[in-house]
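See the structures that follow.
One chain, chain A, appears in both complexes that follow, with chain B as partner in the first and chain C in the second.
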Partner chain A sequence: MYIFLIFTNNIIGENMEKKLYDKLVLEHAPKEKRLENAVIAFLIGGVMGVIGELLVEFYGYYLHISRSDASVFMIITLIFLASLFTALGFFDKWVKFAKCGLIIPITGFAHSMTSAAIEYKREGFVTGLGANMFKLAGTVILYGVVSAYIFGLIRLIIGGI
Partner chain B sequence: MIYIYSFLFAGLICLIGQLILDNTKLTPGHITSLFVIIGSFLDIFNIYDLIVAHVGGGALVPITSFGHLLIHGGMQGAMENGFIGLAMGMFNFTASGITSAIFFAFIFSLFFKPRD
Partner chain C sequence: MTFRFDNVYIRDVATVVGPYESKGPLSKKFDQSYDDMYFDCDSFEKAEVKILFDSINILLNKVKKDKSDIDLFISGDLQNQITASSYVARNLKLPFLGIYSACATNVEGLIIGSNFLENHLVDNVLVSVSSHNMVSEKQFRNPTEYGAPKPKTATFTATGGASCLLTNKSGKVKITAGTIGKVVDYNQTNPLDMGSVMAPAAADVLNTHLNDLDRDITDYDLILTGDLGIIGKNILIDFMKSEYGIDIENIYNDCGVMLYDLEKQKDVLAGGSGPVCSALVVYSDIIKKLEKKELKRVLYIATGALFNPTSVFQKENILGIAHAISLESI
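What follows is the complex of A and B.
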């Protein structure tokens, strides 16, 4: 009987502690500003889109190249700038502020590669840098290629070309 | 006008990504993969091409355009060489982006030290 009492006491006590703990965690967890985050992501993402369009027209006008060539130049420019700013150290702060506004554009791809390359360099050039550089970018390439292949096959089978 | 469309489209994609990030347990890696798949899905029937024609550069900046360019290159290869061309042309349009990303990441990692 006594043992049983201790046993139940323990369970009740643990439950109480767990409830208190959960309440404490909820109180002290940083409140996510979902609306603010969404607005910031919308604005920064939109600005990135406008920058992309501006660069396409800039290259098309000054280098006298077609629009599709100019868009390749635009993507390379954005990747270069994102890599450079990541290496200089202040792109991380921007990503922390804008979140998806800079992760979803192509800058996020370059940022993940450059930051992984710089971070793992100290573990060696092959086992560190080489093995870890594609940790995040690899998923994008993998699922892009797999889905493009499957959807391409579907399109070939259904509608010809 | 094309600037406003660019702003709205790119902003909307980032807004959807941010909403998914805040309201679910998915990480940024999940979200970028998801958007690449959505991009290549939209290009099955040339919907994304229509978007690019109307929106311009704003549709090429988000990661969805990566999937669109992959399947676009694949279909162009398939037009020239049949089924095997799908694999041959897959990276035709994205090769420049991937190559430059790898190259710049390596070069900058040689010269800069990690910061916290």
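What follows is the complex of A and C.
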């Protein structure tokens, strides 16, 4: 009983009930510009797609390689540029503006790894850079592999090979 | 719990700030400012140690004292296990108390120091506080270069070091009372909305302070909270009205809102935060107004959010704390 009292005392504030306070907080919550953000992300994401496609065409035409090989070249180019711009210190400003338009494409993946690498460089190559570089990207890799496996399995069961 | 003090004076203060603060409305009032977040050091952590140490050196120069004249050094910051303060204490070679109440650290330090002085245990106490935007971002959020978008409720950790010399020799500004706050829990879990976490703590300590001293809101010229930001500020005004029936709107302001120009400096979102945020505003602006007798009596409530990244990821509530001191011009 005593423990229970301490517990409830801590959870509920002095006088005002928790739910009433949540309502007060909600009343003061500022409106985020969701539509504007979505439109910006859509347009910038679209532009990223166009740049990718142009790069694929470019590599295919000038290097005389297949479309799938050209795609790999395109991905390497975008990863390189995103990492370079992160290291030069202005990619985070672009991300602040474009939001998911730059975070979702491969550029966001490269950016998350480079930014973590820069951040933890001072803590040493193993304990800092090595241990923290995948801090953000690790989740993407893990669940990317897991979901690819699951969906591959579903496809195998439903559609044959 | 409120203490009255009769024997505690603020001898002088010093402030050192980073680039964002020096572009704000108080820019001309700081003692020193830097244009770069590294301050010529090779890591952000070392940079924070440097500004904290700078603020102490400036203060000692101002009052023409040697560090051996100081009896006790009280300091706190936001680095893991308050290491910035510890490294400064190593250089100072003074008896050192390291303290932590997140962004309420400064007033906690002033209350502890005042009690030592009031009981005639020491003559000079140095109270310091610091925070660094990039150190906090790295520790509590994403890598600094990642630049992940944040909601408008988020506050911006101020960069700076602030120091204050408390003494028992009569001066222009006196600390007359201090109230130690209780930890409050209103089931808030969003680390990007600290104003909502801390507003009830500020309200609780304000109400306790007024009741303990049998004072009214009109006994003060100004009531200041530490770093609620613009959203927390409005929540507190409404909360005080509905919970305690006190209207503070006309004499109340928040240091997080005063430190930056919220219209021009969009990066700061809801306003400034961090232990140094309230110290920068009070030391650079309010103390000077008290010295000139433009203000007679000010209640300074520093507010803090108690959590760490692990507790947030484990879905624990974020707790609020606030401490208050009353400053009077003599």
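In this text, the second predicted complex is superposed on the first by the 127 of 161 C-alpha atoms of A that agree within 3 Å, B and C clash if a C-alpha of one lies under 4 Å from a C-alpha of the other, contacts with A are read in each partner's own complex, and residues count from 1 in each chain.
Assume contacts are C-beta pairs under 8 Å (C-beta built on N, C-alpha and C of every residue); 3 or more make two chains touch, one makes a residue touch a chain.
These numbers were taken from a predicted model, which means no experiment stands behind them.
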item	value
First, second, both or neither for A:Ile118, with chain B first and chain C second	both
Residue contacts with chain A in the superposition, chain B compared against chain C	B
First, second, both or neither for A:Leu136, with chain B first and chain C second	both
Which superposed partner A:Ile65 touches (first chain B, second chain C, both, neither)	neither
Which of chain B and chain C A:Thr86 touches, first, second, both or neither	both
Chain B versus chain C as contact partner of A:Ile76, first or second or both or neither	first
First (chain B), second (chain C), both or neither touched by A:Lys99	both
Intersection of the chain A residues that touch chain B with those that touch chain C	32, 37, 86, 89, 92, 99, 103, 114, 116, 118-119, 122, 136
Footprint of chain A on chain B - complex, ascending	2-3, 6-15, 17-19, 21-23, 28-29, 31-33, 35-37, 40-41, 43-45, 55-63, 65-67, 70-71, 74-75, 78-79, 83, 86-87, 90, 93-94, 96-98, 100-102, 104-106, 108-109, 111-115
Chain C residues within the chain A interface of the complex	42-43, 138, 142-149, 151-153, 184-188, 193, 196, 200, 204, 231, 234-235, 238-239, 242-243, 270
Of chain A, residues touching chain B in the complex	32, 34, 37-38, 40-57, 71-72, 74-76, 78-80, 83-84, 86-89, 92, 99-101, 103-106, 108-110, 113-114, 116-119, 121-122, 129, 133, 136-137, 139-145, 147-149, 151-156, 159, 161
Contacting residues of chain A [partner chain C, same complex]	10-11, 13-16, 18, 21-22, 24-25, 27-30, 32, 37, 86, 89, 91-93, 95-96, 99, 103, 111-112, 114-116, 118-120, 122, 135-136
